[in-house]
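Below are structures written as structure tokens.
Shared chain: chain A. Partners: chain B in the first complex, chain C in the second.
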Partner chain A sequence: MNGQKLLAALAGIALALSIGALVLLIEGRSPLDVYAALVALSIGDVDKAAITIKNAVPLILTGLSASLAFASGPINLGQPGQFLMGALAVTLVGITVDLPAPLMIPLLMIAAAAGGALWAGAAAVLRHVFNMSEFIVTLMLNSIADLFTAWLITIGGPLAEAGALSPRSPAITSSGRLGEIGVFNLSILVMALVAVAIWYVFHRTRPGYEWRIAGQNALFARLGGCPVDRNFFIVMLLSGALAGLAGGLLVMSGPYRFIRGIGANYAWDGVMIAVVANSALGATVLYGLFFAALQTGALGMELLTAVPSEFIQVLQAVIVLVSVASRGYLSVLLDRLTLRRLSRPSPNRT
Partner chain B sequence: MGNNPTHLPSFLPRVPEFITLHQITKTFPPNVVALDGVSVSFEAGEIHAVVGENGAGKSTLMKVLYGLYRPDRGQILLGNQSVRFHSANDAIAAGVGMVHQEILLIPEYTVWQNVVLGAEPRTRWGTLDVARARGAVQAKIDAFGFNIDPDAPVGELSVAARQKVEILKLLYRDVSVLILDEPTAVLTPLEVPQLFAELRRLRAAGKTILFISHHLDEVLELSDRITVLRRGKKVDTVPAASTSKSELARMMVGRELMFTARRAAQPKGEIILRVEGVYYRDKQGVSRLRDVSLTVRAGEIVGIAGVEGNGQYELVNVLVGLEHAEAGSIFINGHDLTHASILERRRHIAFVAQDRSKLAASVSASVAENAIMTHHRLNEMFARRRWRLDMRQAGAFTEQMRKQFTVAMSRPDQPFRALSGGNQQKVILGRELLLERPFLLLDQPTRGLDVGSTEYVREQIAQQRDAGRAILLISSDLEELFSLTDRIAVMYRGAIVADVPTAQTDLEQVGAWMLQGRNQRTAQSA
Partner chain C sequence: MRIVIGLLNGMLAGATPVLLAALGGAFTFYAGVFNIAMEGMLLAGAFCAALGSFFSGSWVIGVLCAIAGALSLSVLFILFAIVLKTDEFVTGIALNLFAAGATTYLLRQLFGVRGAFTDPAIQPMPRLEIPLLAQIPLAGEVLSGQNVMVYGAALAVLVCAWLIFRTPFGLRLRAAGYNAASLESSGVRPARVRIAALLICGVLCGLGGAFLSLGYVRLFAEGMSAGRGWIALAAVILVNGNPWGVALITLVFGLADGLGLLAQGLNVPAQFTGMAPYLATLIALFVYARRKSRARSGSSIQA
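Let's look at the complex of A and B:
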């Protein structure tokens, strides 16, 4: 079954790359040159691979945030807002508190997760009290977070850096910055630990079992004695915390401050990755790495081959369409096989 | 009106005298033999039932006849001519049509629009000839005495009426053979006689009707001849007039059904379930349960009879905690559970829900994941650990269930939806019985199961009673109630109108209470 899924995913990517090649041919470019440049510039050597994996951190964490929610029932589409609130929390704590690094870094990560969880929790509370759909509320909270943080750092705003020429906050304390081990940024280690922990909770613990079943059939879970409402709340908080952590790690490993437009599309890309991965956690990590490689390779490719980096957006869109469409086809195929099996006599009937 | 079907494409009507399936063999890769040299002949103007357990090959046989499957060996003869159907269209062109179990209609279209879709009469300009199309549909409705409005949107029709539209589609295409796969499964008991009357009229008009059914009573009532399949082979074809339910069941299962639930009267145990004066109103404010009181003792099976929609569904919901009673109280095993959470109730209730895929399982999860539901919190084997859920232990638990309840499955991590209906029910029943709760709530536990699985489930229920459980059995199958229960309570319009020892009543009396209610309640027998 899993081999079959992997095969389908690889076939989908191959098909998408061929469609991309066709686009390039029509444009009069050489697909081989372009793809070779993409590979060389994203994973061509250890330095480039380190950058690709670092760029994958926010994609994977927001992707896990979406996958965890979708697979457990809640439709959390608030990753962009939760991401910003996580980044904001790190910035606030990072410019007001100054502790030695071994204390500062965990504190900032907790702040990031709490910022995202708070934003997702607001949607969960509104659903619980007023029965408002979290789907709508999380989406609308995105705009609020976007405009709120923009106001805070606007020149003359309460969190704006004095004398700065562009909208940005002051820098966080140097003890809260994530450095490199060798060529690899520390945020990679954090992301890997978090991904493993989330996978373990989802697949090997009792709450994870209840979330999974509720994501498939909430009524069955409820009748089976699972506290479905409480689980919904916990999943929303956890999902928000993951997106918030993504925003926080980005501040801690990159610009060390909140700047206008930080993380631009990372969160939406995360949602896209969750959709392509069909909300499977392992697949989310793999697709996150793959999309990060595409995006990282894109910039250099533009310089090397004069193909605009927007081509990568076309390629991403094609991958999304192809993989989602082929999954639909695959499930039809699987259903047919199942039906066929059902219409057979069972060999060991009593 | 347009009785003359000149608008129909010329390839359509061809009336075979009879159909013979000769030595049909169908194997599904790798090596599952679904049909093994089956020969049957269907005569013009007969109602011919095909019966057998799940997986006996009934559906496969019909699909071969209808052109959905191509047989590996064997012939289909129309009259004396050998034919080969490559698609359903070939079959319809030759006069063989199938009424599908899942009904495929466009809800926004009216009845006549759905009927003519795909074979529309056209004007000389090539547009739809509305008058002729509607007229032709009306003519078929009149000719076969179907009570249906051709202008009604299909989305507003009942399931029974939609089934009629499906049949009309085939009649409009002038098929002479209609195949119906479990036609009564989607109908309420009151709609069945009407369908049967219509099928008899079709037979009188010379149509041949083939139908698949699990209900042997229906088969005996309606059909002229009956073909029994067992494990891909034909056992026999017999005239309905010269066989009996028990003979058919024996042919289907291949052995005598051993099931007898009657037993010597035993001293009853203490009261386990006590429902007192429960009222419930649904979200629209309609009163659904009115002053319902009920007791079930340990070692006793109490049956709830009633026409569907008279409060049984709401009673179940109030008992398991999906809904809360407006007034009254519920005690189980001495605990007041009137306001308890579902998990609190599940400490005392084992529950087999009516709707397997909606309430009792997650079909996309694995067998093991379905098997450990509720156990994951209440069974010491899993609840011992606070966080970790050992999936290997879950697999072992499922294995044990497979052995104990003879579930036909390959691996615990197999998807639940890959199991047959009977095996799914065995997993659900096994899960609930292994909870070993004092009170067992069973809502239509044998619905949709074949004869063998039904017998198995009933045996399990009887064993649970002998083990001292208190059992409340809701069933629309009166024979099931009479063969299993110690007492029968009849629900009518949300109230319990009768509550009598099974031995002191009979089918006719209970049937009358179900349909008309009853003025005064009998005292409960203690």
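Let's look at the complex of A and C:
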């Protein structure tokens, strides 16, 4: 992130927070109290920060899924569906297989990635064989995954826990659960390793270079001899695997089972984060942490200040709009200033 | 016969909101705006319709509020995408998020509820009995007695087709998307045409949203647009924006909806019948892609 981008990002966030403050003022609340509560309850102490970072895991992974796809060409908007299929795969394996933890946890992670990759792969196959736009196909597959998983765990459904009063699956085996090291959940470690690996592949290897070129100019990549079709496939699978892993880790570190609405909070957050981060992997991680802090602080904020936690959803959308607009506008503004400076007659020349 | 009439009624009810949103999308499609905010506009319309109808006790006010709500998103789209030149895809995504967040927040702030709001004070839109058509046996049961907005949508198809193909505005609209530079050289600003298209899209999505919350139900639920804006977008892309094509294809989607309702009566789980419109969209995409690839291979043989 160079200086200008950082400036634009900070200006955007500051502007969005001021708009949020204005809304709060109109409603007769104190913006300072609300924002202070948000900060205190998300990163106020180590315990709260640990929860914030744990909550950032699905946001960052779905964000990386979207960023990787957008930066390489495929428009994968299917994170919600791939997330659910990853969570479903972990649940299915977790209730049928029982191995010691050192085997079980990697197995479940592979299952999660495979579940997400399968759902994204379906869209990739439809695109490759029948030339159907992955943009709409992934969106439609989201709704289908949502309804399908809802049916599985509905009371009396094939995957429902016997005797449960709410729609949910049985719990996964205890050896497949991710515990805490100190205050930090193990899923954070997994996410960090995956993020570094993806960054490395994308920025330091030959396939990653080909993906980036294809994302910037598909024709150039094709003419330069990159296997564009194969890369499209690989990126879709990888992107789906990341979203699936997000769903899987959530099951393994949280409710330990598939519950109704498990993906609801993360439905569009991945795409949202990729969009504000302009599909840059490093920025995706930072924004993921930032949005997780907002969401984690929101619940406490509601208790302390009686501002509904839904306020954060509005704030998030405002941040996206304003920071993206200010990024574009700032560069136009800076170009204009540079032009003016250059066009001014220089005193040395006569 | 009962079944067929039920199916046709379900088809019209399912098609109406998608048709209205897709007609709006047709205007922006012709104007060359990549507008994916129909989903958010429908949602804003549905919320504002319930809001207006609840506080005023009149469905007409509700519909006007729905239009105002969806238009406010259009204005934001114009501000960001056209004035500030933000990427259209990004603007659309952000506006959809904004609509989802804002309606959830306001639901909580104004009515103090989560999930869904329903109240007897919400006045739904009436059904319209057409005097002569109602007397036709069987067909009368479908042609007459539909919701006002169903007739509104049918009328909208005619008006949109006329506007797009038979008026100077329509010519400029199509030119803005087809070749903006030549439109500009003839003295018309493409940006103005795009602004007009987005405003029209807002009005139509507002009407579609109003049908969602005041049509056959009288409630607003979080995320009640449920992907209809995306299906509308698919419909627009499939028929290249042609309003007659949009009408036809949304009726097909509506038929899938109706078949879903029918299957629900046969004890098929609601989750599977709910998939019908999304599967129909996938199938339509498939047929479209096949046709296009055949056309392409045909032309390459000629060349």
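We take it that the second predicted complex is superposed on the first by the 327 of 350 C-alpha atoms of A that agree within 3 Å, B and C clash if a C-alpha of one lies under 4 Å from a C-alpha of the other, contacts with A are read in each partner's own complex, and residues count from 1 in each chain.
Just so we're on the same page, contacts are C-beta pairs under 8 Å (C-beta built on N, C-alpha and C of every residue); 3 or more make two chains touch, one makes a residue touch a chain.
What you see is a predicted model, and the numbers here were worked out from it, not measured in a lab.
Contact with chain C, but none with chain B, is seen for A:272 once the two complexes are overlaid on the shared chain. By the touch criterion defined above, A:205 lies against chain B but remains apart from chain C after alignment on the C-alpha atoms of chain A.
Within the superposed three-chain model, A:147 lies in touch with chain C and out of touch with chain B [touch as defined at top]. In the superposed model, A:184 makes contact with neither chain B nor chain C.
Of the two partner chains placed around the shared chain by superposition, chain B is the only one that A:220 touches, whereas chain C remains out of contact. Every residue of chain C that touches chain A in the complex is listed here, in rising order: 76, 80, 84-87, 90-91, 93-98, 100-102, 104-105, 107-109, 226-227, 230, 233-234, 237, 269, 271-272, 274-275, 278-279, 281-282, 285-286, 289-290, 292-293. Residue ranges on chain A touching chain C, taken from their complex, read 27, 126, 130-133, 136-137, 139-140, 142-144, 147-148, 150-151, 154, 268, 271-272, 275, 308, 310-311, 313-318, 320-321, 324-325, 328-329, 332. Against chain B, in their complex, chain A makes its touches with residues 203-210, 212-213, 216-217, 219-227, 338, 340-350.
Of all residues in chain B, those touching chain A in their complex are 28, 32-34, 53, 55-57, 59-60, 63, 231-232, 320, 322, 341-343, 346, 351, 353, 358-365, 369, 372-374, 376-378, 382, 385-389, 391, 406, 408, 415, 417-418, 420, 423, 452.
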